[in-house]
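Letters are used for the chains, namely A, B, C, D, E, F and G, taken in the order the chains are written, and counting of residues starts over at 1 for each.
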Amino acid sequence: MKSRFVSNLLLTFVWVALTGDFGFQNYLFGFILNFFILWVITRGNSDARYFTLLPKLIAFFFYFLWELFKANLQVAYEVITPNFRMKPGIVKVPLTVQSDLGITFLANMISLTPGTLSLDVSNDKKVLYVHSMYITNREEFIEGIKNGFEKRILEILR
Amino acid sequence: MSTLILRTASNYLLPVLLVFSIFILLRGHYLPGGGFVGGLIAAIAFVLHAFANGLDDTKNLLRFHPGFLMPVGLALAFFSGMSPIFVDQAFMTGLWFPEPFPVIGNVGSALFFDIGVYLVVIGVTLTIIFTISESA
Amino acid sequence: MEVLLAIIIGILYAAGIYMMLRRSLVKLIIGIILLGNGANLLIFLLGRITEGAPPIIPGESKVFLEAYADPVPQALILTAIVISFGLQSFAIILVKRAHKVVKTDDLDEMNATDEDS
Amino acid sequence: MSSVIIVILVTLGTLFVLLSAIGLVRMPDTYMRISVNTKAATLGVGLILVGTAVFFNDLSTTSRSLVIILFVFLTAPVSAHLIGRASYFMGVKLWKGSIMDDLRGKYQKNSYILKSEIDDTPENNVDHSKMNDK
Amino acid sequence: MTQQLILYPLLLQLLLAILLMFFWKRIGAQRIISMLGSIVHLGVSIGVFAYIWNNGTQTIQAGGWEAPFGITFIADTFAITMVLLTSIAGLAVSIFSSGSVISDRLRFGYFPIFHFLLLGLTGAFLTGDIFNLYVWFEIIIISSFVLITIGGEKAQLEGAVKYFTLNFLASIIFLTAIAVLYGLTGSLNMADLANKVAAVENRALVEITAILFLIGFGIKSAVFPLYFWLPASYHTPPSAVSAIFGGLLTKVGVYALIRVFTLIFVGDVFLDQILLVLAIFTLFSGAVGALVQNNIRKVFSYLIICHIGYMIIGLGMFTEVAIAGAIFYLVHDILVKTNLFMISGLIYRIKGSNSMRALGGFYANYPKLSLLMFIPLFSLVGIPPLSGFWPKISLITASFDTGSYWSLAAIIFASFITLVVIAKLWAEVFWKDAQEIPVRPKFRYYHKIKNIKRIQIIVPIVFLSLVTLYVGFGAEHIQTLATRISSELMDNQQYIDAVLNTQISE
Amino acid sequence: MLTAILLGFLFALFLVFTGKFFRGKLAILSALIPAGLFVYFASFIPQISSGEIISKTYQWVPAFGVDLSFKLDGLSLLFSLMITGIGFLVFAYTASYLRGHKYLDRFYGYLSLFMAAMLGLVLSDNLISLFVFWELTSISSFFLIGFNNTNPASRKSALTALGITGFGGFSLLAGALLLGSITGTYSISEMLSMKEAIAGSEYYILAVVFIFVAAFTKSAQFPFHFWLPGAMKAPTPVSTYLHSATMVKAGIYLLMRFTPVLGDQEFWNTTLIIVGGITMVYSAIHTLFRTDLKGVLAYSTISALGILVFLIGLGSKDAFMAASVFIIVHALYKATLFLVTGIIDHQTGTRDVTKLAGLRKIMMPVAIAGILAAISSAGIPPTIGFLGKELTYEASMHAETLTIVIVIAIVLTKILLLWAGFVAGIKPFTGKLPEPYKDVKAPDFLMWGPAIILAVLGLLFGIFPMIIESALVKPVVSALGADASEYHLALWHGFNTVLLLSAITIVVGILLYFFVKPSANLENRIGKLEFISPKSILEKGTHYFNVFSAFWTNVFQNGYLRNYVTTIVLFLVVLVSYIMFGSSRVVIDHTQLSQVTAYELVVALILIAGVFYTVFTKSRLAAVAAMGVVGLAICLIFVFYSAPDLAMTQFSIDTLTVILFVLVLYRLPKYLTLSDYKMRVRDGVLSAALGTVVCLLALQVLAEPTNSELGDFYAKNAYIMAHGKNVVNVILVDFRGIDTFMEISVLAIAAIGVFGLLKLRLKSTDRSQ
Amino acid sequence: MTLTDYLYYIILPVLAFSVLLIVYRFIKGPSIADKIIALDVLITTGIGIIGVYSIIHGRSTFLDTAMILALIAFLSTVAFSYYLEKRNRKK
């Protein structure tokens, strides 16, 4: 019940942002509208920790931007220089995050940073297979992910 | 497709897309959009859900056959077109509430007509895609 | 740009018909789609094109203050696009069924209805 | 002032898009092409759209730009994942310079169940060493 | 509310189609709704027809937007006559469908689509806007696609692929023509177009546009050399479907041709020559095609093509008499062709075959039915004073008046071959001894079906035969009508004034 | 008078519902109808012979200038009396001849229909209504000839007869309408006064040709004659009725009716003389080679018709006189002979004249009738036949040109006809009765009565020609436009050349009868020449026409969709480029066109690349993806040129199409290249031609001035009147809302169609229901 | 040089050039996955072009189209992947 209410509020914000009208009536309309939508689609197992989320999300966002920028430069260099200096391969990264949302979040973040690509999650959700262009050392690579994105995601989702 | 990533993503995308579709529907009279594109987006939301979660899941979600939306939408459009006849105006003449509504703006028979379009488009698209998926 | 568009339209018509003249069912559908696109673009072009001025009354004003593109062809094309979509989706399914029932993708083998006199 | 910001944002964005295009042409295998691209382009477009938001500097445009960015960032990695995965079980080979392939032998053929460990039914699993690059 | 009068036939069909969709799986209810609805529709059409007859051409601006800005609906005598014929044929086929179309097909939307088809026809007849006409045409063809494939049998699908492709091509050409027309004039309202096209200086472009319309509509009306889809497909769906197709579908193409070539592209000798040549070849090809067929539905299919030639030839000669002949023929042909395909369905129900070789013995075994079938068959031939005879008076007279001897020859040739073909059909199917046809174990033969079904099959045939007899023996009325239509068509200013000079009704 | 005509129709209709009732003994009652009508028409004799003309007009279709106007003058009275009189006898005869027949009611139905149609034909004064009845005689004779419809030969004969007479019918229609065009009326009476105008018209010959074709086909003139022998497949009462007095005489009637309108012109007279002459001689010779009694009669009938045509062609007063008498003569003796033949056939089961002899022993009254008829046919006094022959010779001797040839031809014909009459009317009764026919029963009165009556009438009129003179013959002649007042019919005209010719005819004819016997041998001999007869030429022609028809049909309807598309596109390209390049105005105005920018060029390039890739790729999926590229490029073009709504819609639709494709694609087979190189090049050229034409067309239209009235109106009123700012959307939901409404209906219909296509599986038992 | 000129004469051509490169990859393949990626990137680039174009013409309306592109492009990638998986499974 609570989670649905939270989703409802969140979507109301999405609505208000979309329409760009911050009047009270628009909130009300957005709320009713989203109530209706949630009623249509709900199957009842959404998570509900939205409120503690926001500051962590913002911090994560900037971390992500930094990673994104850094990696992009690296790839850019690779692309415009004539020789290839890559050591690509597919690495099996064991997962600590267990929730679907967490795994998806992590996988997407890895994919969004250039040079790495989440290929798939094993059906038992134990490992994530990641393709990377720069694998100097398998363990180092895995550590980088576990201490970077995964740690933060775990914090957010806790 | 049994991929966890897509499934999770689509579950979160579904409500967002639906909200977005209504947004597109309602603003159509003022900015690009309208019932048709809105309806397509709503339908695409469900199709995405079906791709990720399987058709049965999506059908359970919907609770009724999407084809039912077609006559409903057509009826809505029909009555919004017919309404002026009852006040002795030409078929499809726009009737408008005197004051604009908040958020939506001016409300008139054209809006109901557009909602009819929206419903029909959802019904049509889902009927076609669901039918194909089932018989594939 | 008009000349270029006219050429593009010509190419779309040509490609559409060329594909319709193939013997494969799938190509037939592709031809239909290309031809539909060609016709839509033709309406667009012949309704005269205007750059960067969508026919949407801006902001708070009640009428256009500057130039705007002719909205009529756009409305016509919208209708035509949607109608073609209906036809195309039906055609795709028709082809699927025809392939399954007649058991061939070769249009040349679909001539029984013309032969049994 | 704002036009300087716009120029910077748009130029950077365009450069990233260009880079991704070059990458798409230059990268030697499908996985790396996916890897490079989905994001370089995403970032580039994101920057351009921020520039747009700055240019119009009104709420409704900004929110629309943000929504686009949100959508792009939400969907691009999922797309990348889907194509990458599909490439793998279609048998698209890794570049010859690749140094490891932890996925080898872990997709079960036909069902595409992905295992975390190699089990004792290798004959049921996708194995690139047996496939052609087509 | 009376100002909306001419829209009622249209709105009623729309309402029926939507209503029927709500009764998706309840085919019993659908049957009743369709039949009752069609009866009401006929009543309404007669009412509107009477109104137009007494008060002259009526127009409505949809949405209240003055012409040429909104979509105009206009009911002149021609349009309303076509609407009336649609509702007559529609009623007959609706009843016939109840009796003859198997319930599986009914369970998948047969009736809603059927009424959508009638809606499309009604709309196409009433609209005064060229793009809107395109839209109605699309309603018609998509409905016809669905009806022609419903049930999905092998022959149906094969025929449908061709039917679809060529009709789609026609739509594209139609759309291309609209694009050019809009590019030239910036208008869509047909009355307005009449004025504006007349003012275009580059006549070559106008001719090309006219040719595009000619080909677009020509495909739909199955004119030589554009008719291929028709013999490939018309014999494949259930006969109720063929009936409404055979009666009305090609005729809406003819209607559009007549409308466009009497209103917008007027007075171009080259175009009239083209029309005449096409018509002559159509008469010829249809006739020789019918001559060599064995399946009676295919015979009728080719005769449709053949007889389209009469209408086109009337248009090509472009005199008041000629067009009156074309109109009279149109009236006759809609009734008769619809009936003939229903009859082919009845024959099929009785014997399980439509092959002339396999059939036989009808006259001995079903004398009363044979007599009933005699009426449309020999009306088609134009045995005087049955209905097909009268329009030929006008057409032949016009061919003398215009000195068009090839037309004369083609008309007589086609009439003669029709006579031969129908007489041959009569000899084979009715006179010849009954042949041994293997009995199909589960086939629902006529003698096995319930009485109510038999009535539903026979009544529409009787109904249309009676109407046909009326057309023949009451030729005076029909000719008066045809002459009035013809004179309205020849004077396009009257149409233009009706559309452009009406004040918006408040 | 209308009632008189309608009576037959009403009775036929009545029989449809009460048929069973009339199959029994009551059949004879139906003969009361012609009998009553005969009396009715006979009652007009005094008036008509006094020169009166009775007309009556009923409105029918004034819009066409068509009314039911009837005119009873000498000509129509004669025919009416024959129709009803012989009709009465045939009706009675049938009651016995077809006693107990399963479909007797139908037979009477057709017969009365036919009789009514004939009456209508001869009484109509309106040319169109005349045509209407004319066609009705064709169609009812179709049913009569095909009465034994389970017999293939019968069906074939009926079809041939209908084909030939139907063809003539259309010719009559054309002629009627042409005359209508020339004179401005369909009334024959009114045309009479416009004789000169018609003759002076440039269409005179054409009109005459139309009328001739009609008359010749109906009256079985060479080369259209062959349907008549075929029509002998009909039951004998039918043959009697059709060929003695009615159907075939309709053509003669037509010629006579039109003599005062179209006659007295060289073309008219010469043609008739030639055609009639050839016909009479040709078929008279043919009688020699028949063994079937009805065959003999058929050819002699054709020959007699030839004589009539010939006489009309002579165009003199004498000839008209001869013709009118000969009509009566022929009706009487030919009807008798047919009836007699029918009786023989009915009782003995054969009509083979080589097998028949001595039947007088069994059926004396029949023999009397037969012999009387044969004598009348031979023109032996004192029968009316003699009178007819005398008049005929008289008329031919007064022919203006080629008199000798004409006289020889007519005498030859008469000799042969004498032979034919004897073979039919005398031979079966003379000589020794063959063994097989010993037990043959005598016919009942209903059968021989009519024959005797007719035969005796022939004798009676011969002895007392004045009975028919003023009542029938003279009014006919005056109806033909000649003054007959000083003529008198008489058996004896004194010794003159005519009498000599008569004598020669009779003597030679009788000698011929004794020396030439009909035999199968002779019949076979003529059979060898059959291949050059008009009949087999026509049959061959029909055959080749059928072959041609099948060829023509299959050339166009060849089953290959691509050929259909090719034809249509080719047709379009040829016509459009003919106009485009035929006119001097191929103008492309560059000044009004905007420049191309780099990004536009690139978008255009990728669009073109996408299209080409779609067309030439070998992979279906790649083609679908390439269409995605095309879609995106089009979407960008829409964006660049101010159509955001379009761009959105285009893109969403493209995506949906891709999804649809992808969902069905893996069920479809791989792309195969099925066509060969040559075909691809051919198709490529055609497609390129279409593309070029469309492209040039677009450029030409762009050079024309524009008119933005419509868009301006929408733009002005979008917000103020329709409360919307997105003008495109306002158009869609308001200005042109109906379009949109129908567009979503199209979608709904398509969805239903897809649903049905994929979900509906007919049980095998329901297939083809 | 104004902002508009800069965008018009420098940025748009560069983006257009990128488009050409991407199309080159699309045509070259070699695997179908490459084509799908190329299409995906092409659409993303299209969004960028629309963004720039809306600045040039000062009409934010075009962003609406970009919005739809961003949303819906995803679905065709999903569909293609779905197809590839189904097709492979069928083999």
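One rule holds in what follows: contacts are C-beta pairs under 8 Å (C-beta built on N, C-alpha and C of every residue); 3 or more make two chains touch, one makes a residue touch a chain.
Chain labels with UniProt names: A = Multicomponent Na+:H+ antiporter subunit E; B = Multicomponent Na+:H+ antiporter subunit B; C = Na+/H+ antiporter subunit C; D = Multicomponent Na+:H+ antiporter subunit G; E = Multicomponent Na+:H+ antiporter subunit D; F = Multicomponent Na+:H+ antiporter subunit A; G = Multicomponent Na+:H+ antiporter subunit F.
These figures come from a predicted structure and were not determined experimentally.
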Fewest touching-chain hops separating chain C (Na+/H+ antiporter subunit C) from chain E: 1
Shortest walk length in steps over touching chains, chain E through to chain F: 1
Of all other chains, the one whose Cα centre sits farthest from chain E: A
Between F-G and B-E, the pair with more C-beta contacts: F-G
Innermost chain, taking as reference the mean of every protein Cα atom displayed: E
Separation of chain A from chain F, taking each centre as the mean of its C-alpha atoms, in whole Å: 85
Distance between chain centroids, defined by C-alpha means - chain D, chain F (Å): 78
Whole-Å gap between the CA centroids of chain E and chain G: 48
Distance from chain F to chain B - Cα centre to Cα centre, in angstrom: 62
Chain F residues counted as touching two or more neighbouring chains: 557, 559, 561, 565, 597, 601, 638, 640, 644-645, 648-649, 652-653, 655-656, 659-660, 663-665, 667, 694, 698, 701-702, 706, 708, 710-711, 714, 725-726, 728, 732, 734-740, 743-750, 752-755, 757-759
Shared interface positions of chain C (Na+/H+ antiporter subunit C), touching two or more other chains: 20, 25, 28, 38, 42, 45-46, 48, 51-54, 56, 58, 72, 78-79, 82-83, 86-87, 89-90, 93-97, 107, 110-114
Per-residue overlap in chain D, given as positions that touch at least 2 other chains: 22, 34, 38, 42, 58, 60, 64, 67, 74-76, 78, 81-82, 84-85, 112-113
Pairwise chain contacts, counting only pairs that touch as defined: A-B, A-D, B-C, B-D, B-E, B-F, B-G, C-E, C-F, C-G, D-G, E-F, F-G
Contact footprint of chain D on chain A as seen in their complex: 17-20, 22, 68-69, 71-72, 75-76, 78-80, 84, 86-92, 107-124, 126-127, 129, 131-133, 135, 138
Chain B partner contacts - residues on chain C (Na+/H+ antiporter subunit C) that touch it in the complex: 54, 56, 78, 82, 86, 89, 93, 96
Residue ranges of chain F touching chain C (Na+/H+ antiporter subunit C) (in the complex, touch as defined): 557-562, 565-566, 569, 590, 592-597, 600-601, 604, 607-608, 611-612, 614-615, 620, 623-624, 627, 630-631, 634, 637-638, 640-646, 649-650, 653, 656-657, 660-661, 664-665, 667-669, 671-672, 674-675, 683-684, 686-688, 690-692, 694-695, 698-699, 701-702, 706, 708, 710-711, 714-716, 718-720, 725-728, 731-732, 735-736, 739-740, 743-744, 746-747, 749-750, 753-754, 757-758
Parts of chain F lying in touch with chain B, wherever the complex brings them together: 644-645, 648-649, 652-653, 655-656, 659-660, 663-664, 667, 721-726, 728-730, 732-734, 737-738, 740-741, 744-745, 747-748, 750-752, 754-755, 758-759
Complex contacts: residues of chain B adjacent to chain E: 67, 70-71, 74-75, 78, 82, 84-86, 88-94
